[in-house]
Amino acid sequence: MLPAGKHVREVYTDAGGVLESVGGKTLLIDCSTIDVDSARAVANAASEKGLQMLDAPVSGGVAGAENAALTFMVGGDAEAFDCGKAILECMGKAVIHAGPAGNGQVAKACNNMLLGISMAGLAEAFTLAERQGLDPQTLFDISSKASGMSWAMLNHLPVPDIVETSAANRNWKPGFAAGMMLKDLRLAQDAAAKGEVSTPMGALACALYQMFVNGGNGDLDYSAIIKMVQGEKPEA
Amino acid sequence: MLPAGKHVREVYTDAGGVLESVGGKTLLIDCSTIDVDSARAVANAASEKGLQMLDAPVSGGVAGAENAALTFMVGGDAEAFDCGKAILECMGKAVIHAGPAGNGQVAKACNNMLLGISMAGLAEAFTLAERQGLDPQTLFDISSKASGMSWAMLNHLPVPDIVETSAANRNWKPGFAAGMMLKDLRLAQDAAAKGEVSTPMGALACALYQMFVNGGNGDLDYSAIIKMVQGEKPEA
Amino acid sequence: MLPAGKHVREVYTDAGGVLESVGGKTLLIDCSTIDVDSARAVANAASEKGLQMLDAPVSGGVAGAENAALTFMVGGDAEAFDCGKAILECMGKAVIHAGPAGNGQVAKACNNMLLGISMAGLAEAFTLAERQGLDPQTLFDISSKASGMSWAMLNHLPVPDIVETSAANRNWKPGFAAGMMLKDLRLAQDAAAKGEVSTPMGALACALYQMFVNGGNGDLDYSAIIKMVQGEKPEA
Amino acid sequence: MLPAGKHVREVYTDAGGVLESVGGKTLLIDCSTIDVDSARAVANAASEKGLQMLDAPVSGGVAGAENAALTFMVGGDAEAFDCGKAILECMGKAVIHAGPAGNGQVAKACNNMLLGISMAGLAEAFTLAERQGLDPQTLFDISSKASGMSWAMLNHLPVPDIVETSAANRNWKPGFAAGMMLKDLRLAQDAAAKGEVSTPMGALACALYQMFVNGGNGDLDYSAIIKMVQGEKPEA
């Protein structure tokens, strides 16, 4: 797992890199979360050398890794996927084939853009509720069974004492760090720019997380963005 | 159920209105979806006359009403709620007490703001997926069991042939009309303005739905906003 | 000059208020910055009593008032405007007739929405320049003579030592307070909601200023929003 | 002038490219509008070969080019700038040194982001005015001399019959095409992502222009975005 596309390109395609070093039947699996174009470029380079490659970014965070409960979103040939699936299942509870090379990255970018949008929305809605005299527990009781429900609400509600797994219960210790959410939102924006897709909500969520991270909060849980929406600095 | 706060105010508080006409033990239940301040003003006026009143906006749409499967979000005194609950249960599968007068409106505004934000996000994410070569069915299979999941995704996915209840399967016939979603987003913005709450995502979703409705699409299902995101006019 | 529409309505139309108290030939001039509907409602009430009334909100800030250099944007009948113009010119350098009753408010809301959007944009563009190694003075020298130019740039640039009148040179002492900008952006949003107009940029500027004000910065100059964009708390 | 960074990289740095072909005292001037990183990478490659290079993107459009009235924003060493200035002045009325390599691109991205934000704001403000009964000519008369003024308002007002140079007077024939504005807003977003800068307004303007271009309007003037804000398709 490398930080960005340029590192993956270097490690695989540079002189002396992985593609030059491995034998012909090796299956390459890269679990980095990177931009779609880099994932596709490296997979193409591997293919030109007759090597099979999977891009297999994960979700689930540190807890998911420790408990072998990660979700793998996998791009690559069906044959390569069938070959690699058993290995990934040792670390994950869900290993899903998303289509050809790069599609693991596309799936993660789309999914996490939805997550970032949901969390920014939750921060606003629960702040609005409280300012208008509606108890957060009551709003949760209603919306968690109604049309406003989301995974983020059920698992990462940005207010304390309602959802056990919320970082709001542990001084915003991640979980899923704001800096990582920003990275994923940036990757989604990169894919949108390359694909000429309009994403006003995704772009705004990205700008809000950038503002939050620039405020020195990148190591806090991404749900702590509720404090910025409220005009406050989170107390870590 | 009246369209807006001013109508509710007139019907209850004007000369010759409901508050002047009803007997002293009457329980008033108003199911309009209106601004919080109007709901509270009318409830206060009722209280001054010794009358009990509930604001009880619904969600669930036409189908929910026809099947007695509405959700009622109810504001008012606990005593009044206990009294009115049995009546509302004839029409609804969930009747929830949200707190004092006006809180039914707050709950609905917050919940539906979350729904509008989710749908706008889904429109973008599923467009991005498609433009990057990721099959919508595959993204649904992944995200519906992952952190991007939402009620809107499971029930109103804005692409056809995946979720049976999607309006995308029936030429965007509502369901929940875009014009009604706009109304609810406007009410949430009104509550945010009065409560001095910052809601960038909610405000943007509202502006996007206003643009969509102004394009002549107010009678289509709210999920049809995906066509605007894609630069197309929905074919109704 | 009263704070909000409800105060103006009370002072003019309540029992014992201005409309009951003044003689038949009195010209009423109200310089409050309020919502369009309230301005029109009070003007209509005045008209029903045979009184002429102007809504005449100002721009120019404290400095403009002290130097009799305010701009008055005036709504009301042409006849009433001609009558009141000479009085307003004692306090202002520009007294402009914007059309019938309420149009003074519309003009101010539109103008100040443009100003708020410009300032939020300047905050971003000058931050971007600096982070990419472009000196703010150089960007100013280029853009102030090019297509990015705006009144806000020429007069209220949110970086120090370039434009003499910038609040950035005086620890963000207003000038035009962020709380006042927020009020005007809220009024523009109110007019947009009533007029069923989509204003994504205006709505976002409003939400950003609400976030900034909620951070305790309402008494600072509105140009200090650049600090929030950069993730910092302004030092007043 | 090449379309994008990858083309400039190829033309200069590929085998058989410009850097291999030119003699040692040649001054290279590239007038493409491209991403900052590509401009800097090519300039660095030139420098390693002992060549001097300027990035010199222009503004002013087709009319500016035809009339030798372009503005050149130039990045590169002061010595190289002094050498190239006379050449550029043959085509431009303003040739401005923005600092070291790549700064021409930064300056253009920042300036045009301000322009795009201004135009999107104008589209909203003039629509709001009209819907609230304020004549666009009147708003122009007021704001063009007040704090809402911008270069975009004075030169490219998105309503007809007020500003002679507006594309609104000629069925939205560019001028400055929406597709070109989108390109510049994308470049600004790319620079913001690389520089870790939060640009909510710039990001939203970019998403709105992407939506407008995806609607088939990329060849219309960028001021035609007012039609999308109003929910209409521009008639070209």
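Which chain is which? They are A, B, C and D, in the order written, and residues in each are numbered from 1.
Quick note on the criterion: a contact is a pair of C-beta atoms (placed from the backbone, for glycine too) under 8 Å apart; a residue touches a chain by one contact, two chains touch by 3 or more.
Source: prediction; values computed, not measured.
Here the chain-to-chain distance from subunit A to subunit D, counted in touching steps, is 1.
Where touching is counted per the definition, the chains common to subunit A and subunit B are C, D. Comparing the centres of all chains, each the average of its CA atoms, the largest separation from subunit C belongs to A.
With centres taken as mean Cα positions, subunit D sits 30 Å from subunit C. The centroid of the Cα atoms in subunit B and the matching centroid in subunit C are 33 Å apart. Computed centre separation for the pair subunit A/subunit C is 42 angstrom, with centres defined by C-alpha atoms. The multi-chain contact residues of subunit B, meaning those touching 2 or more other chains, are 196-200, 204, 208, 211, 213-214, 229-231. On the side of subunit A, the complex with subunit D involves touching residues 186, 189-190, 192-193, 196-200, 203-204, 206-208, 210-211, 213-214.
Across the complex, subunit A is touched by residues 36, 59, 71, 73, 94, 96-100, 102-103, 106-107, 109-115, 117-118, 120-122, 124-129, 131-135, 138-139, 141-143, 145-153, 155, 188, 191-192, 194-202, 204-205, 208, 229-231 of subunit B.
Subunit C meets subunit A in the complex at residues 200, 204, 211-216, 228-233.
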